[in-house]
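Below are structures written as structure tokens.
Next come two complexes built around subunit A: one with subunit B, the other with subunit C.
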Partner chain A sequence: MAQRLLLVSTIMAFLAGLAIASFAGFREFLPGLLQGALITVEITVAGAVLALVCAVIAALAKLYGPAPVRWLAITYIELFRGTSALVQLFWMFFVLPHFGVRLEPLLVAILALGLNIGAYGAEVVRGAIIAVPRGQWEATIALNMSRAAALRRVILPQAFVAMIPPWGNLLIELLKSTSLVSLITIADLTFRAQQMNQTTFRTVEIFIIVLLLYLAISMIITVGMRALEAKAAGAVARGRAH
Partner chain B sequence: MVWDWSYALSILPILAQASIVTIQATLLGFVLAATLGLLLAILRTSPLPIIAVPTGLVVEFIRSTPLLIQIFFLYFVFPEFGVTLDAFVAGVIALGVHYATYCSEVYRAGLEGVPRGQWEASTALNLSPFHTFRDVIIPQAIPPVIPALGNYFVALFKETPLLSAIAVMELMQRAKILGSQTFRYIEPITIAGAFFLVMSLIAAALIRYVERRIALRGIRP
Partner chain C sequence: MTAPDSNGTPMVRFENVTKSYGSFVVLDGLDLEFGAGEKVAIIGPSGSGKTTVLRMLMTLERINDGIIWLDGEPLTHMERDGQLVPANAAHLRRQRGKIGMVFQHFNLFPHMNAVQNCMEAPVTVLRMPKAEARARACELLEMVGLGDKFNHYPGQLSGGQQQRVAIARALAMRPKVMLFDEVTSALDPELIGEVLNVIRKLGSELDLTMLMVTHQMGFAKEFADRVCFFHSGKICEQGPPEQIFGAPENERTKQFLSAVLEAT
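Now for the complex of A and B:
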């Protein structure tokens, strides 16, 4: 129900954007902005994959690693949660070259944002693992499963369902933070908007289209995560019934 | 030697001065966020759909679009309507409004946590809506959500570098300018990062302290 509502509003928002675009005669802006939106989506997707990998590794390291590994994970999480995403981005962009590490701006963007969201995600993953009832661990001991097998086959699948909604929020945070990459010369949606604004001065129109495009992408994320949540919850329920 | 201590020490006073602007933006932005957020939360929980639904839409819209765009929007769009805002003012308003929508969700959780009986009692006592909110509901709704508000305070603090995009002379902008003047980016940007890390660790510790105090005090006086 809520899902359908969201889907309808996504389509409406998108149509509204298109309608405004064609009516007010700034059809000229949309193609360029859509190209920028493509870069935004690319960075979001690549950043999300990196964030997920970092989050799972850091969470497992913080929960079950030996002391040095645990400390490393805590340092990573606190460092990236404690400083600003823009500072991290600038640090990788301006400072790393001085240490002889010269990366493509696009790679810097994906790395910085992925590591940043990964640090927040690590706490989400950790929380979800802790929230799995103790009895589940006890049952795996009773069944003589190894810790790794218990994690992989019993604990993580259940934790996975609990972590989908907070991951949805994080992905929207990631999408929003991709606008920062415009400040390190990447031609994403925000960068294109800035550029068009400087040449045409039609600020209101350009930025309204841009806001609607971001809104549309974030609604797609919301709808997708809702669907994933329903599917995962169903799968776990079926697994229990067996 | 990559890190130059004498250079780092020489730029420290300049960065310290810029960090005052960062702190000012944080405090002013959060005051705006906390008050406007409460207003939005009250409007959104209104029994009248005509008020609640548009408020909800506005909140969702602001929450799902990037702050950077909102900052640009305020800074570039207001002059078109004849209101020229100082970059600092535009930045603070954008930060405040953006985080007001987050705070409104926190307040909403607090408001919904107040037992229904409190509302019914207020009706029974013939209190006006204003007095119900001011004397009964809000004093019970806010203390439990203070830690969550604190988290957004820290989050807002960490977003202030975005103001550098509209050339507000805050910490990040200073650090970048220092870097471009001397081509030594390592020291200024690392110092800026360390400043944010230290401040947010302190803030996080303070929030944990407040959280414990609230838990100790029990539910309500």
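Now for the complex of A and C:
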């Protein structure tokens, strides 16, 4: 795993070097594109936090909530999984103002993408909770722990480990979907690239840089999640009976 | 047959308890009593309902009919306006605190070391200060012979050691009744002795009511005050070990015991 990461990083560094060497446009476009990339990262990070919170709440509500709460969670999950992120973005940006709700574009971007990924994440969280062996629940009952304490202290910490790899995928989905926000006037990486392209027509140089920047951000996510997984799995693997 | 405590009230009483899964009746009108401090071995063929009896008592399974009494009070029910109604969560939690259980597959918390496993419930449930809970956890781990394994995680321990941590973890909640469900069945043969020795020690040093489902007939004979033989969800025969093992009266008991003896 580590060797493969190293290999990919090396190839990327080589490509990046190639880009620097080959394109005079690098110096010209990079600063502007980096500004866009910063917005992209901001939306990704804030969206990820929102998605995680929504996912945990929706999963717990669907699993353990009373009927009305459960239905609310199911509605949220199905609504946001069943419609496209772009439509959700447009709804919040163009339709809500007709009902008197006018939000900042950046807020709309974070809300729409966070809620969207959160709906997928809810199923990931739910699956990981269900996968914790029954015996763990039974032990908490035999020790007279409340259900809330059992979840917080015993079930979720174990479910957490199983959740990390699928969350890595979801975060990369989130990163990729941030390019949609260029359609609601936010100057993210994609938006900047299109703007520069329209004024300079140096398409190849601009989009090679864009590609490398997206790839770099997703590599950071992958490496970060791998590290988190190794750390968390280490803690539980010590505990798992061989 | 039972050894009632000073008030004459049994510690545990099953009163006409019925348990079924769908249309399959596992236990049909079970009446059974366990006295305070009594040590009872429950034996019988696989599928005869032994585990179900312990799980109902631990409130892991709901009963369909009848009442289970614990320490002079109803467990599955509670009193309201002079009537017995099904217990709510608060009542269950109050009564359940008097029972501890050790499982066949240990069910230790894999992300906590031995001491943390034993501290968890005293801290989160009994609100015991951490220092006190830790001291008690260490004391109990010493008692089960794991004084040198405080910081080991379950995966770093042998099956026998894990099961001894599980016993210490249950004792940390100071139960009056301890349930053991085939606690040596998942162990390699050479590790069974160390777990049985610990159980023997609890029996002599602590004032516990102990109910154990077991296939270790030798241990049951030497340890138990009474042996209950289950067959098809009913108590076929019960009595002191000398009687059950020495001169069983029931045909089914005889068959079962000779089959078990043949296997060993």
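Everything below uses one rule, namely that the second predicted complex is superposed on the first by the 215 of 242 C-alpha atoms of A that agree within 3 Å, B and C clash if a C-alpha of one lies under 4 Å from a C-alpha of the other, contacts with A are read in each partner's own complex, and residues count from 1 in each chain.
As a working rule, a residue touches a chain if its C-beta (ideal position, glycine included) is under 8 Å from a C-beta of that chain, and two chains touch if they have at least 3 such contacts.
All values derive from a computational prediction rather than experimental measurement.
Visitor: Any idea whether subunit B or subunit C touches more of subunit A?
Guide: Partner with more touched residues of subunit A: B.
Visitor: Kindly classify A:53 by the partners it touches after superposition: subunit B alone (first), subunit C alone (second), both, or neither?
Guide: The answer is neither, since A:53 touches no partner chain.
Visitor: So in the superposed three-chain picture, is A:34 touching just subunit B, just subunit C, both, or none of them (first/second/both/neither)?
Guide: neither
Visitor: Could you say whether A:179 touches subunit B, subunit C, both of them, or neither, answering first, second, both or neither?
Guide: The first partner, subunit B, only.
Visitor: A:197 in the overlay: touching subunit B, subunit C, both, or neither? Say first, second, both or neither.
Guide: first
Visitor: Scan A:158 for contacts with subunit B and subunit C and give back first, second, both or neither.
Guide: A:158: touches subunit C, not subunit B.
Visitor: Is A:130 contacted by the first partner subunit B, the second partner subunit C, both or neither?
Guide: Neither subunit B nor subunit C is touched by A:130.
Visitor: Applying the touch criterion given at the start, work out whether A:141 contacts subunit B, subunit C, both or neither, answering first, second, both or neither.
Guide: In the superposition, A:141 touches subunit C alone.
Visitor: Just checking: does A:107 make contact with subunit B only, subunit C only, both, or neither of them? Give me first, second, both or neither.
Guide: neither
Visitor: Scan A:230 for contacts with subunit B and subunit C and give back first, second, both or neither.
Guide: So A:230 meets neither subunit B nor subunit C here.
Visitor: Show which residues of subunit C lie in contact with subunit A when the two form their complex.
Guide: 58-60, 93, 96-97, 99-101, 103, 105-112, 120-121, 124-125, 153-156, 159, 162, 169-170, 173
Visitor: Along subunit A, where are the residues that touch subunit B in the complex?
Guide: 78-79, 81-88, 90-91, 94-95, 98-99, 172, 175-180, 182-183, 190, 193-194, 197, 203-204, 207, 210-211, 214-215, 218-219, 222
Visitor: Would you mind writing out the residues of subunit B in touch with subunit A in their complex?
Guide: So the residues of subunit B touching subunit A come out as 2, 61, 63-69, 72-73, 76-77, 80, 158-162, 164-165, 172, 175-176, 179, 184-186, 189-190, 192-193, 196-197, 200-201, 204.
Visitor: Of all residues in subunit A, which touch subunit C in the complex?
Guide: Checking each residue of subunit A against subunit C gives 133, 135-136, 138-139, 141-146, 149, 153-154, 157-158, 235-242.
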